[in-house]
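Both of the next two complexes hold subunit A, though its partner changes from subunit B to subunit C.
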Partner chain A sequence: MKNVTLEFCVGTACHMKGAPELLAVLDLMPPEIRSQVQISFTHCLEKCGDGPNVRIGGVVYSSVTPERLIELVKQQLS
Partner chain B sequence: MRLTADVGVARGSKHKEEICGDVVQVVRTPHKTTVIVSDGLGSGVKANIMATLTTRIASGLLERDVPIDHVISTIADTLPTCRQRGLAYATFSILQLRDDGNAKLYEYDAPTTFFFRNDAVLPVARDTRIVCGKKIVEASVRLQEDDVILLVTDGVVHAGVGQSLDLGLGEEGLLHFLPTPCSSWSTPELLADFVMHIARSCYCDCLGDDCSVVALRVRQPRKVAVLTGPPLDPDKDTVIVNALLAATDAVKVVCGGTSAKIVERVMGAKLETSLEYVDPRVPPVAYLPSIDLVTEGVLTLNRCYDLLRLVHDGGEFPRSADAATLLARQLWSAEEVVFLVGKSFNLAHANIEEIMQLAPRQYAISRIVTLLNRRSIRTEVRYF
Partner chain C sequence: MSTRNSETTGIKRQLYTALADMTWRGRLFEEINAYPDTLVSTLTTRYRCCEYKEKAILSERLRVAMGLAPGEVGSHATLAEMAAIALSKTPKSKHCTLEMIAAACDRCPFEKYIVTDVCRNCVAHHCRVTCPKDAITIVNHRAYIDRTRCVECGLCERNCPFRAIIQVTRPCEQACAPKAIIRDNNNVAAIDCEKCVTCAACIPACPFGSVADYTQIVQVVHALKQAAAPIHALVAPSFVGQFGAKASPAALRLALLELGFTAVHEVASAARGVAAEEASEVQGRMEQGEQLTLSSCCPSFVAAVNTQYPDLVGCISQVPSPMAYQAAAIKKGDNAGMTVFIGPCVSKKAEAASLPQVDAVLTFEELGCIFVSRGINLATLSGAGELGDAEALGRGFAKAGGLTKAVTAVLGEGVIQTQVAHGLDEINEVLSAAQRGQLQANFVEGMACVGGCIGGHGALINRQVAEKLLERYLR
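Up next, the complex of A and B:
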């Protein structure tokens, strides 16, 4: 089974721009998909102006919305 | 050796009463910690007003180093006596701990205050004398580091009377549940919570009287060093981190994501962020070797100020382990705090601070410093 690791920035800017909302989306995912998603937090991905930032497979994605996050997870798992 | 004490308070109102008739006040001056516990006669608003009056008179006078006899006579002369019951409207216990380890206790019609050393009750000689017609019990104790002191109101000693226990919990009953008061609880707050839990259990969860518990643990003075914000000149990164690490006898705190990354880089350590969002208003804590607390910056400092303000105005810290509460507790329980403040500003925060009406880092620090100074905590702010 394929796994994906999401690294969420929880620094000031990303927190205020919606990092907690992105985390909440993970809880709404179907259990079979959620079980394939590993998460970790970091305090800064050094793109504070473009938050919220999420690093997936070494690539930093900026201005991530909940919809975009779901898309990214699907892409990584497909 | 200088000594001070951590103080933990737990309180509960009589069943169906919204306001607690007991009032607890802790006053810290540079060389003294004073705890005043007052129990207003009866319960509810009237009891609270009388108890508040007692603690306010006592704390106001003691802060100005008025001799204790004058304090007691002022309280005794001011407080009325209940016409029906012939009793004073409020009882009190006053404990003064000096930084040389000498403690003085004054009790007026209050339950016995317990002193514990190495988990055993410390025998304390008590004298009684009459001040303004009131029988005051006095005691002097020479305290040591790790001694524990427990003050309770009569609601705790009489817990369960006529309900689950014919004669109530009693002092012996309370001690029975505390076989290891010095070694079992890491903080006095937990001990106070435990004693309150015992009282609640005896009352079958419906308190028959207002209950207050104050626990103190004697300790050496604590110093806290807080590094927050990157220096204006990146070449000073090592200087600011070394200034933090040089405070070997201090609790070390780093506030800010970029600041934490700087410390991580200079120390060659690995920064790990907790996965637990304890309070959605504040980003989670992180961990760095040799650093006691790592938090986010501006949001945590602003929330920390709100919590300090709450406690300064008579409230209590939340029983939560979010970053801001942890930071606020560290600062509030310190005797000396050094802030190492980097003046570099993250432009990405400008809009957010404006929209959220957050105080920028340096202003948040200055507001925190003002509150700490009001509590007689020595502070030093160094800018980089």
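Up next, the complex of A and C:
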């Protein structure tokens, strides 16, 4: 089974731009998908103006919305 | 706080951060006139009819963010002139802290029942037949409601088999429990300050972001920058987790000191004193035959009693709120200077307006924007210790029931009957019962926000998340 690791930036700039809403998405995922998602937190991904930022497989995604995050997770798992 | 970080919230925070940034750099007067142009050119989505309207609304938002009401600036004042007015005054809060920005209001339909395109001009015409006031006629092959006759009973809506008639309420009106939203002659929404209790429910309710609260961002940043006198940060108990999963209480203290605050105080440390005074007030009143005491911590609750339950005004406790209590203690000390209350609450801005000991109020959201403007990242600040020296009992004030718990701890279990009411709907139920003399309680803790202060509109995280973090922190 495939796994995906999401690195959430929880720095203050990303926090103000919507990081909490991204973390809330995790609770809404179906259990079978949630079990394939590992999460970790990072202090800064050095794109503070474009937050919220999430790093997946070494790639930093910026201005991530909850909808986009779900899409990215689906892509990684397919 | 709404569960989604909406686009209106995003724009608001962008403006707050930009204002703080310009003030730090000492370039506010030079740069603010051009700022709406700059921002409009970077926005990828156009929200309004044209960019001129967009800029006009942004200018109004900047005025409100600088803490200025329409009457305080000339009708043709430039933003730079407004900024000069904002900084020339000693920062002071306003009694009416919310403004319906008239230019931003989209004048949503206010007719309660509307016939939509779904109407098929059927043969039965249940709408017309059931209307008790003969308000429905058929115009252009469609049902038409004569507003002069309609009494908004809703029978037409319920009886249309196609559901072609819908009920519409303006989101601001729907959100406003004290019914303080009115309409001006042009059908633009407005706030009746005599009825408004500053619960701020209308701010997230309006999808156009028309309601804004006055802030003291530029005034506080200016004072921090000048550092002419000591500046005290008084942080509300609900701070736990507000600045992100990796921001510890110690990190918040360090970040505030880095901004230039002289000292950081936990308002929760005033809780012991407040609870003790509240307990003796309740007991004292009971000895005099006054069976009911209403809490005084939440300014919106106090305002709701004052405006809607005149018979109960005498029941409001005379004990100062924790903010008032602690600010007074600081002002009496040797190192008095400026006091800035920081919390999740818009209503505290209104309360502070009548308190000489509180100079300014910031919400967590406004403070967060000030941190961002300085490039301060709480997740990278690590330090030992706490935010301040409060006890768990005081930190529990952040949640509905916390005050009651502290008062009960002073008096002992079972000495008085208590009732916690949070959210204005619940408050109305409890106060109505009290007014009818049907409430079995000696002490009512009233909190206008559902969940208590952690559910405040100036909070940065979801209430349920905040509740979990607070419970963990208090253990």
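Here is the rule we use: the second predicted complex is superposed on the first by the 78 of 78 C-alpha atoms of A that agree within 3 Å, B and C clash if a C-alpha of one lies under 4 Å from a C-alpha of the other, contacts with A are read in each partner's own complex, and residues count from 1 in each chain.
By definition in this document, a contact is a pair of C-beta atoms (placed from the backbone, for glycine too) under 8 Å apart; a residue touches a chain by one contact, two chains touch by 3 or more.
In this text the structure is predicted, and so the values were computed from the model without any measurement.
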{"item": "Partners on subunit A (subunit B, subunit C) - clash or fit", "value": "clash"}
{"item": "First, second, both or neither for A:Pro20, with subunit B first and subunit C second", "value": "both"}
{"item": "First, second, both or neither for A:Ile39, with subunit B first and subunit C second", "value": "first"}
{"item": "Partner chain(s) touched by A:Val10 [first = subunit B, second = subunit C, both, neither]", "value": "both"}
{"item": "On subunit A, the residue positions that both subunit B and subunit C contact, one per complex", "value": "10-13, 15-17, 19-20, 23, 41, 43-44, 48"}
{"item": "Residue ranges of subunit A touching subunit C (in the complex, touch as defined)", "value": "10-13, 15-21, 23-24, 41, 43-44, 48, 66"}
{"item": "Subunit A - residues contacting subunit B, complex", "value": "10-13, 15-17, 19-20, 23, 39-44, 48-49, 51"}
{"item": "Interfacial residue positions of subunit C with respect to subunit A in the complex", "value": "3-5, 10, 13, 17, 243-247, 365, 368-369, 371-372, 375-380, 460-462, 465"}
{"item": "List of subunit B residues in touch with subunit A within their complex", "value": "256-258, 260-261, 271, 273-275, 277, 280, 283-284, 286, 294, 296-299, 346-349, 352, 356"}
